[in-house]
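Here chain A shows up in two complexes: once beside chain B, once beside chain C.
Presenting the complex of A and B:
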C-alpha cells in the first residue's frame, strides 16, 4: 500500500505534465487557430530542432553561458551575503544599493551593456550573473542572520577565529536557506538567458524562439517553449536532488520550489 | 537601536550609491568612456527631470503602472485563494502540488510568444504574463503560511463553535498574513521586472518601449532614463507595501 502511494507521489509531477499537455491539446482543438498548434504537433517538432546541428550548438552555447554566469554569481554572492548577515556595517553598506538594483530588470540592461561589451558571450554572461546574484545574496543574508548566537559563542570559546567561524559555523547553518536562494537563482538564470538572447538576437535558445515567432513558424515557437520548459523543470529537479543530499539533516521548508524572476 | 546608529547606517548605505555615481562621473570626465556610450550622470538626471514633466513620458509610466497593477492584482487574488484552498483541503492539495511543482520552475518569459499569439499584442498578454510570474511566490508563501498556522488556534476556534468556513477566513487567513505579505513583496518586484521585459519585447507604449526605442536610435541618455524610472517605481511601490504591511500587521509580534 505504502509503495503504491510512493509511486503515485513520485509520478504526480509527470501526471501533472501530461494533464497540462492534454489541456493544451484540447484547448487548441477547440480554438482551431492557425497560430496555436496542438500539443502533439509541437512535440513532433521538438526532434527536428534538437536534430538540427546548428540549433543544438546554439542551445548548448546558451547553457554554457548560463552555467558560467550562475557559477560565478554563486561564488561571489554567498560570501557577500554571509558577511552581510554577520556584520551590521557591511549590511548597511550594501543593502540600499541592492534595493535600488532589485526592481531593475537585469535583461533590460542588455542594450546598454551591449554598447560597452558587444553582443558576444561576455555581455550575456554578465547579465545572467547580475540576475542570479541578488536572490542568492538575499537568501544567504537571511540565512546568516538567523544563525543561533550560542553556536557562535561556543565556537569563539573554543578558539575559532572570525573567519573560521564564518566558514565552519555560519556557512553550514545557513546552507538550507542559501540553497533555496540558489534554486531561485537557477530558474532566474534560465529566464535571463532567454531574455538576453531575445534582445541580442545573435545566437542561443532565446534567439531561435523569438526568430520563429517573427517568421510565423508557430510549430517551432511552441516546440521551443516545450524545450525551454523542460530545461527549467529538469534543472530544478536536478538541483533539488543535490540539495536533498547536501542538507539531508534539515527538513525542507518548501517541497515546492520558490521560484521567481 | 538608537537614533545615532540609524544615521550611521543611512550614511553608510548612501556611500556606495554616491561612490557609484562618482565613479561614473570620473569615467566620463577622465575620458575613459566616450560620452556617446556613457553619458555623464548630470546629463542623465537632467534628462530624467525633463522627461518626467513630459506628458508623453507620463503616459508611458501610466501604461506600465496599469499593466503592473492589473497583473499583480490577478496574481494576488488567484495566489491567495489557491494557496488557502490547498492548505485547507488535502484533495485540492494533491492536485495543486504537482501542477505547481511543474509550472513554478518553468521560465514564464518563454511562454510570452504563446500568449502573444493567443491574446494579441495589447494589454492582455502582458497582464497575463505579469500575473503568471507573480503568482507562484504569492501562492507558495500563502500555502506555507496557512499550513503552518498553530493547530491550537484552530482547535480553540472549533471549540468555540466556529464553522469551517469561518475558521478559514477568521483564523487561518489573519495568521498567515505575514507570510502572504512577504510573498506579495516578492511578487511586486517580479511584476516590475516582468512588465518592463514584456514591454521591451512588443509594445507601443510603456517604459520598456521607451528603452527599446532609445536603444534602436542609440540615444544613450534616453536608455538610462526608463531604467532609473523603473528602479524608483520599484522602490516606492516596495515602500508603500512596507507601509501597508506594518499597518495591517500592527499588533503582530515580531514582524
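Presenting the complex of A and C:
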C-alpha cells in the first residue's frame, strides 16, 4: 500500500477538525454577531478555563458522574440484554417496558427525579444511567439473539451448562454488537451529563457552560463547547481502541474500496 | 449402541399448522458402525440427528444411547455441523482446546493434544489463525478436530461437507475415512449425496419425505480400507449408487442428485 494513502488516513481526523474550525471561523466573520465569536477567540478562551481550579473541579465532577453512570449502566444492561436475547419470557416481560422508556428524552425526567432525589450527584448519575442503558440493552439483546444456535449446541455437547453458555458463548459472540451499543451509550452519557447539569445547575461542565450563557460570556460558552467536543472525541477514540482490541477477531479483513480503479 | 424407538416429530410452522417432520422412526445403530442417513431435503434427516444429539426432543418415542434415554446433549455425542459453528473469537487452537479445557484437562496437555489433532486434519501451522481467516474446507477440518478433541463415542455429522466445493468435499471425505479407519468411532452421517453415503458408510438409511420415514436400510458391503480411486472403478460401488438413485427416482423424489 502507498504510504501516502496511509498518511492521509492517519491525518484525516485532524484535517476534519481543522476544516470544521475553518468553516466556523469563516461563518463567524461573515455573520459578525456578538453571540457568535470566531473559532480563534473561542480557542483562546480554552486555557483560561482549564487553568481555573474551580472550573477544573467542576469538569472532573461531571466526568466522575458520567463514568459511574456509564459503568453501572453497562454492568446492568449487558446481562439483561443477553438474557432477553436468549429467553423469550424475559424478552416479553421487559420489551414493552423498554419500548415505553426508550423514546422519552432522559433529561426530561430530570425535574421529576430532582424532586425525589434532590439536585445532587445521585439524580444526575441516575439520568446518565438511564440514557446509557437503553442502547446497551437493545444492542446486547440483538447481539444475543443473532448468536447461531449451532454454536450453542456445540457448547452444550462439550458440557457447558445454560449459564456457562450465556457467559462463555453468547457474551463473546455478541460482543461486537454489544460494544456498538456501548459506543452509542458513551456518546449519550456525555449528552445526558451536560443536559442534566443544564437543568440541575449546581456543578459540572454543563453548569459552567450555561452560567456563561446567562452572563453573555460567549467566548466561554464556545470554549466549553470545544472542551466538551474534545472530551467526546477523546473518549470515543479511547473506547474505539479498547473495542478494536477486544473484537479483533470480527473485524473485516479487507477495506471495501469505493472504487476498484 | 444407539436405539431410536418409534420417534415422531411434529413442528409448528409459522402459519401455526402442525407439520409432521418424522413419522414413527425406529433404527438401531451398532457401535463402531458408519451409518449414513440419506434423503431429500425436508425429509427430517437432520432432525433425527438432532434428536440423537439431544438438541431436539422428539414429540413421540425415545432415543437411547447404551440403554440410557437421551435427555440432552453430552460429550459422548460430538456434533459436526454444515455451518461449522466454530467460536469466531477463539483461534484455531483455542477452538480445538475448548472441549478438553471444559472437561478439566490441563492447559499444556490440551494444547499438545490439539496440536496433534490439527496435524492429523492437515492444519499444522494454522494454530493461531482465526476462523474468519480460513476457507470453508479448513473451517470444517477445525470443527472436526474440535469435536474429536473431547473424545465423543459417537460422531454426529450433519451434512458436514454440504457447503463445500466438489474438490474440497472429496478431499475431506478421504481424510474423514482415513481418520475413521484408525479408531472406528460410531458415526451417524447425514447427507443428500448418494455417492457420499455409499463411499463412506457401512449402512445407508434411505428416508422419504412428507412425512419423513425410513424407506429402506441398505448394507454397503464394500471392503475397507476404502480408497477412492479403487472404489469408483468397483462395479459393486457403482451398482449401489445406481440402485439407490433409481429407488429415489421411482418414488418421484428425484431432487436427489449425485
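One rule holds for everything that comes next: the second predicted complex is superposed on the first by the 250 of 261 C-alpha atoms of A that agree within 3 Å, B and C clash if a C-alpha of one lies under 4 Å from a C-alpha of the other, contacts with A are read in each partner's own complex, and residues count from 1 in each chain.
As a working rule, contacts are C-beta pairs under 8 Å (C-beta built on N, C-alpha and C of every residue); 3 or more make two chains touch, one makes a residue touch a chain.
The structure presented is a predicted model; accordingly, all values stated were derived computationally and were not measured.
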Exercise for the section: Look at A:249 in the shared chain and tell me whether it touches chain B only, chain C only, both, or neither; answer first, second, both or neither. Expected result: second
Handout entry: Which of chain B and chain C A:75 touches, first, second, both or neither
Key = neither
Practice task
Go through the superposed model and pick first if A:18 touches only chain B, second if only chain C, both, or neither.
Solution key: neither
Handout entry: First, second, both or neither for A:172, with chain B first and chain C second
Key = second
Practice task
Mind working out whether A:238 is in touch with chain B, chain C, both or neither, as first, second, both or neither?
Solution key: neither
Exercise for the section: Please indicate which partner A:153 is in contact with in the superposed arrangement: first for chain B, second for chain C, both, or neither. Expected result: second
Fill in the blank from the handout: Larger residue footprint on chain A, choosing between chain B and chain C, goes to B
Exercise for the section: Kindly list the residues of chain A that each of chain B and chain C touches, one partner per complex. Expected result: 253
Practice task
Sort out for me which residues of chain A touch chain B in the complex.
Solution key: 12-13, 15-17, 19-20, 31, 33, 35-36, 88-89, 92-97, 99-109, 111-112, 115-116, 187, 190-191, 194-195, 198-199, 209-210, 212-213, 218, 221-222, 224-225, 228-229, 232-233, 235-236, 253-254, 256-261
Practice task
State the interface residues of chain A toward chain C in the complex, per the touch definition above.
Solution key: 148, 150-151, 153-154, 156-160, 169, 172-173, 175, 247, 249-250, 253
Problem - Of chain C, residues touching chain A in the complex - result: 53-55, 72-75, 77-79, 81, 83, 85-90, 98-99, 102-103, 130-133, 146-147, 150, 152
Problem - Residues of chain B touching chain A in the complex - result: 8-10, 12-17, 20, 33, 37-38, 94, 97-111, 113-114, 116-118, 133, 136-137, 140-141, 143-144, 186-187, 189-190, 192-194, 196-197, 200-201, 208, 211-212, 214-215, 218, 220, 223-224, 226-227, 230-231, 233-235, 237-238
